[in-house]
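Every chain is named by a letter (A, B, C and D) in the order it is written, and numbering of its residues begins at 1.
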Amino acid sequence: MIDIIETFLAEKGIYMMTFILMGLGIFGMVSSGNYMKKIMCMNIMQVSIIFFFLALGQKEHGTLPVVVENLLGADAYINPLPHALMLTAIVVSLGTTGVALALLMKIKEIYGSIEEEDITGKRWKK
Amino acid sequence: MNMDRNKDRKKIVGVFFVIAVVIGVFFLFPDLLPAVDDAKAPVHTYLSDYYIENSLEDTGAHNMVTAVLADYRGFDTLFETCVMFLAGVTALMVLSTTAKVTKPERSRKERLQISFGSTVLDIAFRIIVPVIVIYAFYVLVHGELSLGGGFQAGALLAIAYMIDRIIPSFNSSLGNLKEETAAVIAGVGVFIYILTGLLPMAGSGNFLEYGKLPFGADTAEQIRQLHGTGILLIEIGVVVCVMATIINILEVVLERTEFDD
Amino acid sequence: MNLFFISHIPVLIVVIPLCAAVLCPLLSRLSPSLGKRTVIVFLFVVFVLSLIQLAGIVQSGEAVHYYLGGWEPPYGVEFVIDGVNGIIIVLVSFIGAMTALFSSPFEEADKNAPFKSAGYYSILCFLVIGLLGIASTGDAFNLYVFMEIVALSGYGLIAIGEEKGPIAAFRYLLTGTIGASMYLLGIGFLYSATGTLNMADLAVRLQRVDNLPLIAIAMACLIVGFGIKMALFPLHGWQPAAHSYAHPAADPMIAGVMIKIPAYAMFRFFFCIFDSSLPMMKTIFNIIGIMAVLGILYGSLKALRYDKYNKILAYSSIGQVGYIALGFAIGNFYGIAGAVFHILSHAFMKTGLFYTSAAFKYRYGIHYTDRLGQVYRKMPVTCGALVVLALSMIGLPPFAGFFGKWYLALGAIQNGQYLYVAVLIISSLLSAIYFFRIFEKMFMGEKTVSEPAAPEEYYGYGKLTGKTEVPLQMLIPIVSAALMIIALGLGNSFIVNGILRTTIMEVL
Amino acid sequence: MTILSIKPFLAVVISLLAALLILFFGNNVRPNVREGITLSAAVIKAVLVFSMVPAVLAGNEYYFCLWEIVDGVELAFRTDAAGMIFACVASGLWIVTSVYSIGYMRGHHEKNQTGYFAAFAVCLSSTIGISFAANLLTFFIFYEMLTVATYPLVVHYRDDKARASGRKYLAYTLISGQLFFAAVAAVYVIYGTCEFKAGGFIDPGSVSTGLMLMLFLLMIGGGAVKAGIMPLHGWLPSAMVAPTPVSALLHAVAVVKAGAFCVLRVVCYVFGPEAAGWCGADKILAWFAVATILLSSFIAMRKDNLKARLAFSTIGQLSYIVLGISVLAPYSITGAMFHIVAHAFLKITLFMCAGAIYVTTGLSEISTMGGLAKKMPVTCACFGLASLGIAGLPLLAGFVSKFNIIRGALIAGKPLFVAVLVAAALLALSYLIPVVRVFFGKSDRSAEISGHAQTVGEKYGGHAGYNDAAPAMLIPIVITAVVSLVLGIMPDAGPHLYDLAVIAAESISGGGGAIV
């Protein structure tokens, strides 16, 4: 029994963790009232997806996808594609976060607060 | 007080709900995803093999991630760079409508006084900055051989600038860029990338087809070198863009917010 | 030389405006209005190129493939352009160019702050590029990158808009990021099952995948992802505020085109990639259908409640996006043709209506329909276009809106889904209520438009001049949108039978 | 034989162009130019339409196709005999109404005349489009165009009352239009065609009775609303707030007749007598028509407002047409079609008289019009003549049509309908003759009237003591009254409208065996 759970965790555990992380990220974005926290949760969610792709790229006995001296054959290296994709995704999430922070500064200037309650109560609601 | 506790309880319930749903899905469909490390999964047997086996030959890049990023999927990376530029411009536009915070101009003597608190740190940073710059260039040119690349190099250069900018005791050794100028430079960086992509068209190649850069290459080896040139050129564009964008955002934020010194 | 040029059109369509967008700040440094003019001119060039491309596709009847970096798919990124996205590219480039022209009175080049108009034009141009990219690309991950380009420029254009712009943009940013992440996750699932990212290759290799739960979850992720981006009913939360407070000149693009292109991407995934013979496809389509039906009713009913012109239009968009999703849910030739045709016609209608909204803001600072009384005496051309566009929105012949509905109704009747026909009719009638209400206020209301006594009372954008109609740069887009609606309506058979038919038939 | 010719299209487009010109020049030119455009467009249109009559009489059809509008359906125009009748009436009466409008609008110093004349022109365009449309989709396009173009005319005064009736009008017509749309789409999907065919293209038994009945009712609903069949007539009396020329147009020529024409097209050219009889739709339609004829007559008797009384009279008379169609006998169809003509001339005379009275004296309630004939003899005489015609007295246009409908009903063996028709004729007498009696009766308030007339006359004509209506209004009234007299004596006079009706009825029943 424990064996089964162990193999299951070994094989799928990382995916489970990433999805829990993602679920928590979305949950946090929905539930927290502070905009800064929302941004943090957004980052957690994005990171979880990056983890997911990187976990997909893992391979048994694989090493870094850099040819050091001679090419050792396809089994020797982990999958480079998810890494490349995730570099793009990281930069994209960086850009998004940057814009989010700029917006947050602007919101702070206009409303004097970054708490959703203050903003909704004061001026957002028509 | 009571409300807060109620809220907390709701949050805890939510967290456990999320965890339960994920675990439930995984136990319901155990074969949803291939096992981690499973070398026979479709992920590892199709494109992956091609890249691993052919990237050195196709592109001359030892680092397969760089090969994929800058060559096979160079078009993605072009727009990734654009995302950086766009983020910088957007941040600038969003914050440009608010008034700049005017800071009192400090005399050199004052500036020297307000610092990290100790001369040792000041001097240490003074030494570190050139090292960072040199390291950045190393990372840039080494991108195709081992780990590194334009984004990292750009970030490093920006850090060098940042240290120079935020340590008050520094005497602006790298100069003081205006945020608009930074945005212009970032745009030029992307444009270098685009030009690199457009050049092969003169050699009857497709957009970003480095092997057909019009520099005259016949043998396979020369074509491989051309790929290296192409990758280097676009990495330069990326470096310029990333560095300028980070500086841009930094300047925007610095000019419009009152930080406690 | 000629041939060289033609074969590169697919990528030039994206790269030419990209050059303009990245160089816009630099050019504005050289001369304040140079960057802006470059963007406008380049976008018009792209429009011409897209027409040439479409003509080539229609002539040859085959899709155009362009391998970026010379790498053959699935190793590299490729552009695939067939009838459906060929015409969508024409649409995007046309409206993009028109919107750039339209914006120029709003963003007068200012010598003291050259970056202000340059930054605006750069972001607007990126919005167009991203939309063109989504429409052109044949690679799933590349689509994600373009989607983020669109989203980021969207955040920017919303944030620099009116009073509540920043907060609307922030909310859109949060929701939009969830959408993009869900899309990426869906791609991840598909990638884990097939090992490829090229769309055509995905379609081939997915047929060999028998892991149904995985496909179902991937589809769910994609529906959520696209649903958020196109503001499909339960996922529309960000849309009304974003469309109401965005920069008035860019709003036409945001409201008219930005939410349509994800709908097109949805079509690509659900009809070109997934195997439509799967048994669960029916369930999925029914779910989309339910979302669409609820969205149509919700949007139309909600629009009745508002007095603010932009809000009315925004909620009506939720309903109209439901039409498009309804076409996908119907899933036969007429349904898809109707959906794609509605993407085109609604893009022109909504863009045109937002043009008029911006024109009212520009000249008189009007945000609320109450203040539209007798405005038609001051701005006859704008109001004439508004009437045409609104009648088309209601779905009266011979305008384009009617024919979108016509094809959807044909498809629904063919499938025996009479509920959908009923919903189409109800939504038309509801939209008739809110548009005729605007007409009543505009043509029959008390005169509320007045020239402000002093400049400081003036809250429009333009300078105070003797003229009451908007300047020519704004009139051309407004009138052309109205004319396109008429042309699309009368010539719909050229589009549906001449351009869309071959592609859609291949897909089915 | 089919003649390819651009004429039908030109006839449709000419007034659309006129509308654009009017809008373009707007208030920038003198009213004379604007009205000159209207009048010249009207004349050109009438010439175009009437020039096609001889060929149609000879059994030919003009056909013009623009392009394919949806798969297999073209934006096409065909001048068959039935369409020709309607087009002749509409284009002929447009000239008359234009002249009258000019007189009325100037006499009344109306605002927003530019929009008024433009909308008027668009209305006529769509009416001709409706009559020449070769298929259901083209028909629907112009039908909805008519709906929209009429709206500005209904809300012409732009006050609260006008708005309310405008809303009511839109609610009725748009809903029915949308249902019509659904039915057109369904017919297109099921039968793959939308082309009008004399005798119908729907075969009995091709779909289940329920579905066919449903399609029929959805389609008829579109026509029934505009034709004012009870209980769908609500918009018509309230649309009376519009200026009188509009009422004349709405209630005599364009809108209501378009509704009746729609019923004709649907019953005889889409379903055909056979299919309509097979699914039992004809009986439903007939009974609704009967109910409408009787009820509207009773309501009309109680109305004191002259225009309202005429409106309910219109509702009743249109149901005559519908009843004639739904009897499905050749004679009754001939009669129904001719009633389109006859009623148009008679009712437009009545409305124009009402308008002339209103402009000249400011009176709108019947009870205040005692002894009006002394002041306005010609107007009142024309009113009396037209009233008798509506009632169906021989030697007037109404008689010819009603006689044919009754003859058809007798042959078809439906005596009950005959009884209803005869009763309705008497009822029509009973609500119109009292009006005439008031006109020619004694008045105790004639001094008051003449006082008002003087002021109005001064305002309009510039000279005091003007009694009868101004020439611009009086001449059209006399013309229509005379025409309705001529048509009663010689139904075939002029453009041979009676022959056209006979040709159309023959072509409809030619293929059908259901007609007894």
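Assume a residue touches a chain if its C-beta (ideal position, glycine included) is under 8 Å from a C-beta of that chain, and two chains touch if they have at least 3 such contacts.
All values reported here derive from a predicted model rather than from experimental measurement.
Think of the whole protein's Cα atoms as having one middle point; the chain whose own Cα middle lies nearest to it is C. One simple way to say how far apart two chains are is to compare their mean CA positions; for chain A and chain B this gives 17 Å. Mean C-alpha position of chain B lies 30 Å from that of chain C.
With centres defined as mean CA coordinates, chain D is found 74 Å away from chain B. Distance between chain centres (mean CA atoms), chain C to chain D: 44 Å. Counting partner chains per residue, chain A shows two or more touched chains at residues 56, 81-82, 85, 88, 92, 95-96, 99, 103, 106.
Of all residues in chain B, those that touch two or more other chains are 25, 33-34, 43-44, 47-48, 51, 72-73, 76, 80, 83, 86-87, 90, 94. Counting partners per residue, chain C has 141, 145, 148, 152, 155-156, 159, 166, 169, 191-192, 197 as the residues that reach two or more other chains.
Every pair of chains that touch is listed here: A-B, A-C, B-C, C-D. Residues 4, 8, 11, 15, 18-19, 21-26, 29, 66-71, 74-77, 113-116, 119-120, 122-123, 126, 129, 133, 141-142, 145-146, 148-149, 152-153, 155-156, 159-160, 166, 169, 189, 191-197, 205, 211, 213-214, 217 of chain C are the ones touching chain B in the complex. Looking at the complex, you find that chain B touches chain C at residues 25, 28-29, 31-34, 41-48, 50-51, 71-76, 79-80, 82-83, 85-87, 89-90, 92-94, 96-97, 180, 183-184, 187-188, 190-191, 194, 197-198, 200-201, 204-212. If you check the complex, the residues on chain C that touch chain D are 380, 384, 391, 394-398, 402-403, 405-407, 409-410, 413-414, 421, 425, 428-429, 432, 436, 440, 443-444, 490-493, 496-497. Those residues of chain B lying in contact with chain A across their complex are 10-11, 14-15, 18-19, 21-23, 25-26, 30, 33-39, 43-44, 47-49, 51-53, 55-56, 62-65, 67-69, 72-73, 76-77, 80, 83-84, 86-88, 90-91, 94-95, 98, 146-147, 151, 249, 252-253, 256-257. On the side of chain A, the complex with chain C involves touching residues 22, 26, 29, 35, 38, 42, 45-46, 49, 52-53, 56, 81-82, 85, 88-89, 92-93, 95-96, 99-100, 103-104, 106-107, 110-111, 119, 123-124.
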